[in-house]
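Below are two complexes that have chain A in common, paired first with chain B and then with chain C.
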Partner chain A sequence: MKRFISQTLIAAAIAGCMVATGNAQDDPLEIGVLLPSPIADVGWSHALNEGINAVKKKYGDEVKVNTIENIQEGPDADRIINKMVGDGNDFLLLGSFGFMNAGLRLAQRNPDLSFIHASGYKTADNFSPFTAKYYEGAYLMGMAAAELTTTKKLGVVGAFAIPELISTINGFALGARSIDPDITVDVVWINSWFDPAKAQDAAKALIAGGSDVLFSNAQDTPSVVTVAEEAGAYVFNLNSSMKEYAPTRYLGVVKTDWAPFFVASVDAHIAGNFEGKNEWLGMTDDVVVVEDWSSDISADMAAQIEATQADIVSGARHVYDGPLTNQAGEEMVPAGERLEDGAILGIDWHVQGVNTPLPQ
Partner chain B sequence: MVITVLSMLERRPQPSRAMLILAPLIAVVLSVLVSSVLLLILKKPLGTTLYAFFIEPFESFYSISEIFLKFGPLLLIAQALAVGFRAKVWNIGAEGQMIIGAIAASAVPVYFVDNSSFWLLPAMMVLGALGGMFWAGIAAFLKTRFNANEILVTLMLSSVALQLLYFLLLGPWKDPMGFNFPQTVMFQDAALFEPLFSGVRLNSSIFIPLLFTVGIWLLMEKTFGGFKLVVGGLAPQAAAYAGFSAKRSVWISLLIAGFAAGLAGMSEVAGPIGQLQRSVTSGYGYAGIIVAYLGGLNPIGIVFAAFFLSVLHIGGDIALVTASLPISAVHVFQGLLLIFYLSVHTFVNYRFKSPRTAEQSHRT
Partner chain C sequence: MSTLEFFLAGTFSAATIFLFAALGELVAEKSGVLNLSVEGMMAVAAAVGFAVTFETGNHVLGFVAAGIAGIFVSLVFATATISFLANQVATGLAVGILGLGLSAIIGRDYESMTVTPTPGIYIPVVSELPLIGPVLFQQNLVVYLAFLTAVVVGFTLTHTRIGLAIRAVGENPHAAQAQGLPVFTIRYVSVAFGGMMAGFAGAYASTIYTPLWADGMIAGRGWIAVALVVFGTWKTGRIVFGALLFGMVSLGELIAQTMGSVIPTQLFSSLPYIVTIIVLAIISTDRARMRLHSPFSLGETFDGSERR
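On to the complex of A and B.
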């Protein structure tokens, strides 16, 4: 009964302490996971769930994972997060940008809990946003696309024009144009993470417009991938492999393997040294992984891609190395310089070669 | 089959009070029975689930406050829609009117970021209401001027409203410090309703729907204006003969709905959300339609219907966590309840023919 009363401001803090001390004994650590879409076989929530499974595997009976999937962002989600905290979850994984403000409020009220939050930008002592450097993988995909395109036009179906996605499209364009500077990229924003019908329409429109390699940017279903296979266009996507939906035309996947980061975060929470900070993870951290490459890519190109990948991992090379120009042809990063992390995290411009203007 | 069932029914001379009270209880029992089967298949504990749905919402002060947080906008929108439905004006676009209300109200904190004037909140209320009325007014104009179907117009205007929202959030109203995410700045305290108690999200905006309900009840039950409104929609020609205007019915119905939906949108951004973002309505615009009908289009009935639906919703959220029910199962359970309620509600106005009356109807 205590937990029900606990949800008022002061009592919540007290309950948090009680549960936290309880953990020192035999109770398993309760991990609350809130996901914005169904876990399904592929996609964003699937990838997050795989990461959590690694935590379960490591800790076994010492953790109890309470997963709630397919919850839309908004005031109702706030209530559910509140309830999860009230019910004794001490470590929370919030799987979507829109859970940020509610999560942060609860984190500040419950200093003994730890939160990791996907795609956000606000931090607190016990609240870490995490994002993948997808652009690193997209750059390599761009190189492969440059070899396989005959129309020299690439197409992107994008969810929302937020920095995470913009920086990924830039990476794709930069990779392609590093091989062939005549290549251009068209983008259709569908303003949804999860709208198969709209995503398919967008993919068809891009193909009709001449694109012969598509990038399904943060779409949670194989919608774009299946359309590409039918139309004979190459395609790649993020988070988890969708090769079985495009057996002949699958370019590859920019996979996210959240397991190392999730396990490390839970380790830190149990050890009592969880530290809230912006977790921006890429190939170096083994979080961004490219695989399932198309067999149509030549051995030469494969070698070139591998070399570039090694350079990115070693830090010798960065996707956002200058010189970089924006769509209007203005120089944004001079030669010899590198766009700093903060500017990439908040990027609101496309590089030259991306045809479609950003929605303003 | 349907026809045979229908032919077994006859209209009661008067609506049954007993059935009115029994209907929700029977609906609960029937849906519990059906969903027990579902829960057994899902291997979820029946007791915990039912407890989560019907008891837990009342167990903590926080949950009760959340019920009322949900109750407010549902009540406000349903009351206004019911006015239109009684006058046969089918406004199903309260969702869009709510979005425009939220947008119009948000203009104040977006353009006066650091202002902490007392007048901020009243200005937002006025703008929110006007925004909703403007959006509904478009449908009223097209209906009265060109006889455009208000069902289609209001529904499509909801899509337009959503696009307008996206446009503003991705463009001119985007939070400059928000890393290009589609949302405005967080509103300053002066642009937010005061929470009624510390630690809860329920705020003083709850008084708006309550006052509005009293107003609607007076209008519909106690004034000649309410009567004219209903007649104007129900029987346009009779109304014209009596000197009541059907056009006026359309205008008034839609403007009232726009007013209420706009205020509801305003209360959301100035309440639990605290900023303008992609999801501002929580589906209240559509849920309001269900509440209006569940409440029998009656101002008092709607109060109970809005409360019932709010409890169901909060219970559903709790069941997600405590009974780890998948959200689709929650939706099925909520859907079952509504369907059974509406079915059972038929018996408020109808009853099975007694053998004698059945015989009589055969002879004639």
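On to the complex of A and C.
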């Protein structure tokens, strides 16, 4: 209800623009994009939008992109997705987990359309969920953090305790402890995708508790990053670089570059061979990219990180290679084995070294 | 800064947002007007305050602009409810939603941008004291102003003619009018004062407490402020206590997690509301006691007619 007015205005405006367009053969391919937050200079929606821009760049006039931003998950979103389909969009990008069920229903009803959906798990012949393997990048950030921490305590500000975020925190902890097994990780869940003030308080609480490297996990605003810079703690985040908000203390970014995947999906739709499947994309697919590394990382460590990265890309090493133990010290993955994708996608336990118990 | 120092010092700064907004709402409610649009007023003011601070680099200007923005939104509400006798609850909700929408439009070009916060004030000597120093004497100037405002509002309501007039209008507008008090003017001014205070709360949130703008950043704090007035049973001292308590709860949730607490965090998040419901239930059990606490004509429209 919060953004009802703006939503309605925007939706109405876009509906107005789209009334005139038809569905004839030589019309451009209409791509509908639904984003959960405003397209800012940084953050989640920004990263998705950059991916769509790559599609625009490749196809030029052959595609027409209709973007609706800042739509919260919920009944209103369902209505808008319906409308987007009704307005003649043939390819849809749904940018948030909560758009899943409405999107899936429409996909089943309209077999000619193609859907890609962020963060979900349900699939159909023309409906592909996509997720980034953030944990691969977080593992490398953990290695860097291990070198720079003096308190041997790392902190994470997380939105909700869902598998995507838990698996990323585990990656961070595993990376750090691969360098120094004495390191531990504190986690604060703020139970909100969106509350910058609470995120900042959480960051301050972690710093007060002794953490000197912070991980801003799924926070769309530079809230945590600015607090870290002020307090002199290193910090990294996901999706897009926030280096300008922490010029001296920025550890790096685990960036998502959706361009290769979006372009490939649109290619497939145009060629008529779009195939709905779980798209779980990582460094091998050039979707997860680590960059903007802090200059405080030693050349030695940088080389080590680079070697690990090469191993992850080649498949020689996997973040979830055994032996892995959970917080209680029980062995979850024996040595020589690898946690399979399905288990990582649904992970509900922290690895040893994460101090904070998972909320029940 | 140790965890304890952060906890205690942070409580004061977290309480400041609630305190500003709740004091404003208190005055409006004391005059008999229930304005539920606090969340929306704060959002508009936060966006305006941020934009002005961002463009001018001047926090004072940002606060002034935010205060004016808050007054502006509150006057939309006041015109509908006081002059046109619209239902206060429905209008408050509508104006609140309007405010949230407006704030998104005003803040569009500033999404995720940041401003430099003003540094805290270091009062010499005493700020060096262990624990007490960082907690009481290194806060932002605005934090001190908020608590000072609480004293002024409390004193004005209970010990001055203006306060008496506001309370008289809130208790019985007919009697107040018969006595020659300008009921409409007093209500307009009280609601506008509430708007200004909500504006200051918004500016504090977007330029000092969390010096960035992001749509939706007020995140329910306006509603906590409304709840706080009930929690404090319309008494300034209790509202100050409640603001500190709610601030403490909001931080305690985060700190408890860093210490490995297993208490569900959602429980902490909902604590302010649970406590308010309990207080409301307690004071409502007895009709006489309820009348003692809440302004008698709260929420009722007044059309200026002589008889009742």
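The criterion applied here is as follows: the second predicted complex is superposed on the first by the 336 of 360 C-alpha atoms of A that agree within 3 Å, B and C clash if a C-alpha of one lies under 4 Å from a C-alpha of the other, contacts with A are read in each partner's own complex, and residues count from 1 in each chain.
Operating definition for what follows: a residue touches a chain if its C-beta (ideal position, glycine included) is under 8 Å from a C-beta of that chain, and two chains touch if they have at least 3 such contacts.
Since we're looking at a predicted model, the values are computed, not measured.
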| item | value |
| --- | --- |
| Chain C versus chain B on the shared chain A, clash or fit after superposition | clash |
| Contacts of A:Trp280 with chain B and chain C, given as first, second, both or neither | neither |
| Touching partner for A:Ala40 - first (chain B), second (chain C), both, neither | second |
| Contacts of A:Val188 with chain B and chain C, given as first, second, both or neither | second |
| Partner chain(s) touched by A:Pro359 [first = chain B, second = chain C, both, neither] | both |
| Partner chain(s) touched by A:Pro163 [first = chain B, second = chain C, both, neither] | first |
| Chain B versus chain C as contact partner of A:Ile68, first or second or both or neither | first |
| Clash with chain C, by chain B stretch, listed 253-261, 289-297 or 307-315 | 289-297 |
| Contacts on chain A seen with chain B and repeated with chain C across the two complexes | 1, 4-5, 9, 70, 191, 359-360 |
| Chain C residues within the chain A interface of the complex | 1-3, 5-7, 10, 14, 17, 97-98, 100-102, 104-105, 108, 111-114, 205, 209-212, 214-217, 219, 221, 250-251, 254-255, 257-260, 262, 264-266, 269 |
| Residue numbers on chain B that touch chain A, as the complex places them | 56, 59-63, 66, 69, 166-167, 170-171, 178-182, 186, 197-201, 268, 272-275, 277-280, 282, 313-314, 317-318, 320-322, 324, 326-328 |
| Partner chain B, residues of chain A touching it in the complex | 1, 4-5, 7-10, 12, 66-76, 78-80, 82-84, 86-87, 97-98, 101, 121, 160-163, 166, 191, 345-348, 359-360 |
| Of all residues in chain A, those that touch chain C in their complex | 1-6, 9, 37-43, 70, 155, 186-192, 194-198, 200-202, 204-206, 208-209, 220-223, 226, 245, 355-357, 359-360 |
